[in-house]
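Each structure below appears as structure tokens.
Across the two complexes that follow, subunit A remains constant while its partner is subunit B and subsequently subunit C.
After this line comes the complex of A and B, so read on.
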């Protein structure tokens, strides 16, 4: 492919590299692009990536492993889109995904990304663990298979396979049970939602996953979906309608907020802690849901809520998006976004960092260990905090 | 293994040095029309000590060093014309001190304008600094190094006049401090020590600024922008003089531009006013709009377009998209205020000759002792012909500045040549001697301010 054939060939040169995309909303830090924060070379800034993509498509530079790493270090956090003052800002991330698609087509992607995609193709999850083990998280919970209940509880890959993710998946299931929500799960029949596949540029695989999932959901008569992960929520809410899959999709924090508000969920057991909240990109910037998680935390007796300096659409990404919770292109340094983020959480004086995404949970929990902050800060998913407030053992 | 690369890795660590094509490509480019030149290495140091070691290495190996701040001068001042080390200073981004009583901030050289603005708003809302119109990624140190101006230029002058002290790594690797900090006192004044003003305006050819003490000023609780317009450009200087006479404005900018077409030919003013109370604001508004500009409004020569609370800082990068092309560059100049009408007319002619929508702007500096007047030329980065047109227009404008009796602000190589052709021979000779003494191996940002 040349620049002429590139889907955004008539736009990509319009980035001036002014650098607004590096900032959160209040300019407090030039490190709100996670890849730039990690490496601090201009190549890793949003503008740098766009200029490199154009140079690559124009033949000014050759493809290299390094170039692929630079492009795949983009976590698709959307900070750049939110901050760019120019009219083409809605295409910035699409340009990055299109560039990755071109690399996918040429078979020239980072080896970890290749492995990620192959695992999903083979086993329906990025870890490569057997499809037959997808339902192990629900052992002993009494959670039923989906058979026409009001909600399909879609757990996602991290909730199904990651040890920490499994804990939150179980706990959310118990909370929903306690609230008397009619729901069921797909167990081993659940497949990857494809959100990260799309962001890694594997459009064909994403289309296949979306079509299969939509067909499966429709075959089962699913109308309402509640997701554990904001990544699943994003794909099902925004992308699946393009595959005739129109469902009433909720992130679990939206459902819990409503349950608490209407008295369907009793959180009077309370949770005594000073809590700050990290906005997941696919709930926050991608879907502008900033209030539901905060409303839940504020509704729980004993929670002393404090904001981090960077919050809502100015929040720093944990570095796990765009498949980077698996690719780990941004890890290994005190400048890793997750480590920066937990230090910022600590500065608030909070002893609990609440999250609403299993990817963020694993990324930030690892960062707490790497920073040696285990005695000061605990990372908890909101489902766990609600679980405790509901006195679920 | 390249021994220079290895030595750089030893100094800053592997992650902060690159000789890979991707970094060399990115650091070869300025954002304006200057042709790219590839460095041999891109390095992002974190400390003064690391910079010292890099400079010593560069002297041993006779390798150029090109310091880079926000990279937003647009005049090609940080293009590695002769290769060498592109020294990206933005990792040195700590705000080291804010002294409320003596009203200054000491920052490392990579601290951005936006970072300091936000820090002061959150921690010292009663203090502010003079923020330039550049994107907030522009650095404090880079801005003073090029004699920038900001939104307090009208009362207080150039940002480089607000420097209380500097820490410099000399081209030979020694660290020097200037101002009261050099005798162990606080960083509160540059005076009355012997003036060694060798580092501002030299485009990084005499040393690398590693720390700056910059003056802070009272920040009133209400800051807002009033807008005023006249059709006759001849009225602009007298309006500027009258406004400065009130001593009630923070920033006075006049501008005219071809986009949008209905406003083409009009001269717009943005006038920043600050107050601590509604009463004070009302008083100042009355003095400015009624007593000072009322005569123009009543005669129909001018119009008041409204006042908006809150500083909406200009997003100048939007200019880059006027031709949907991602590029613009401007010639800045320091001119007498009374040249505004001629600057406007002649600049518009240049733009129209090169088929570029015109944009001109004059910012009052130091109670109208001068103005920074700029002519901006947008281009399409994907269309080499428009880049060429813009470059020609820029060169013609450099010539125009000197013809009209001004000085070019942060000139690129073409403008530097014009300036040096006109410089007093003894001054030029002194520059040469200074340069030879400070940088015997000629490693610092070669190509810039080279006296033959």
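After this line comes the complex of A and C, so read on.
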């Protein structure tokens, strides 16, 4: 059986397997595609996936569980798009997502991806935890429900349900309270933002989530949104306008940078550590916001900031994108991208690895444990570092 | 081969603490729960669709319930069922015998070689609806089917018993099977597929269309009360560094006389 609705049939052959898509911005390493880094086989690089997709398209190979795993191990980190020298690079990631869409339509996707999507259909989050528990993270914080405040604080699924994500969600809330920002949250009425749903190739479910969220936000009169997760930020900023949802969307690091700059947030409490920063793909490569998180860290007294060898648009993905924080197709090895990344962070001599994404936070924190680096390196979200610098307990 | 798949919609109760008993004490509070297709019935539909893809014929999905139950039929239609019938009656609190009588009436109106049920439901879990319907229809049945291979006039099945023991049977058609999880890997039903299935016709029938009235159907068993299990002893969480927690745990086990 060949692919029936594949939109890129006339361009996919342009990939000539040069392999550039595996590099970071310079030639220091070939391991900047997280899936390739994990498996060290061409099949798991962007070029490999494109050739397999083309072979599937042309009927040379059949669908198999293995082919599905290879496609779904792409984390949608966009390194390949930045690095591929050909003009068709603007579509190479879309080609891989389109191949996943084809698998979604046939119903033939990895079982963890099935679970992920069905959980979202049913409970509005990938974990399958009840919608009625979405607001448990905010217990005792005094954070208000959204009712016309200046900002909607959109927390997202990881911040709402993951224990570690909840801690950052709470701290960001407290930081915003301390800065006197007028904001409210949706609590149990918040639904999945759909960013990963789109990356998993479930287009119609993504459309439904985007339409529902846009209608809900507009119904409440929301104009400005601040998000905890870069994944939500990306969907709301770049995709929701296609559903008539034009909002003023900020990632929280952008808002905090502004608050620190204009004196609205006092970080003079400081944070004494040697800190390096991991760029989340959906803030960095997807939205080219590299400066706000760095500016925040540099503004905090006591922070000694160092860069990792791979940074900004050459950063290595933590391996959690494309739903892989849940699918876990890249885990279980010392070559897992998150483990490679924490080793790289250690090489800088930093004792704190700062992140600005709850997915990166959980992925990298687990990697620190797996590597036995707990005594050398702590993973902290920037919201937590700022929280400490403005003396929030 | 003509197949009828009988499926149902159940509340998602995977987290025990969201389940609460309603004031009637005969049901759980449902208004804030999410609903889904019964787990076993996903395997029923996958098995049915695979048979249809291999052998041709028709697949009809049947359910009994109010309007919201259409969603499980839409999934069946999206997966490849040719038609879907909903009997518009809330029988969720009724005893399986009443449900069996209604299903018998529906099934008799349709062409069939094979009738498929889930081995049990996630909510009430009685596990005997399929067998009852087979008895009323007067056709052979096998429960807990984990493997099946169909021929023109017979079907080879394997049943899974305790500890994975397998029993093999060859059964003449028409027959009824109750399907166990693990018989296949149910495919994902895309939202696009479900949206397209909205165009397909879904037949709604009432009890009187079947020549039945609820008053004339007397239950064989009656539910008296539903109750949550008594809270067990609180779990004890030991926290701290492994060097300390290991010692604490050893002490607890020793005090309990385990070693």
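Note that in this section the second predicted complex is superposed on the first by the 388 of 393 C-alpha atoms of A that agree within 3 Å, B and C clash if a C-alpha of one lies under 4 Å from a C-alpha of the other, contacts with A are read in each partner's own complex, and residues count from 1 in each chain.
Convention: a contact is a pair of C-beta atoms (placed from the backbone, for glycine too) under 8 Å apart; a residue touches a chain by one contact, two chains touch by 3 or more.
In this text, all values refer to a predicted model and were calculated from it rather than measured experimentally.
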| item | value |
| --- | --- |
| Subunit A: partner with more touched residues, subunit B or subunit C | B |
| First (subunit B), second (subunit C), both or neither touched by A:109 | second |
| Touched partner set for A:14, first subunit B, second subunit C, both or neither | first |
| Partner chain in contact with A:202 - subunit B first, subunit C second, else both or neither | second |
| Contacts of A:22 with subunit B and subunit C, given as first, second, both or neither | first |
| Contacts of A:139 with subunit B and subunit C, given as first, second, both or neither | neither |
| Partner chain(s) touched by A:117 [first = subunit B, second = subunit C, both, neither] | second |
| Residues of subunit A at both interfaces, subunit B in one complex, subunit C in the other | none |
| Complex interface listing, subunit A residues touching subunit B | 13-20, 22-23, 26-30, 39-43, 48, 51-52, 55, 60-62, 64, 66-67, 70, 85-88, 309, 333 |
| Residues of subunit A touching subunit C in the complex | 104-109, 111, 113-114, 117-118, 121-123, 128-133, 202-205, 208 |
| Complex contact set, residues of subunit B against subunit A | 15-16, 18, 20-23, 25-27, 29, 31, 42, 44, 70-72, 88, 90-91, 93, 112, 114-115, 117-119, 121-122, 135-137, 315-318, 320-321, 324-328, 380-382 |
| Residues of subunit C touching subunit A in the complex | 12, 14-15, 18, 32, 34-36, 79, 185, 187-193, 195 |
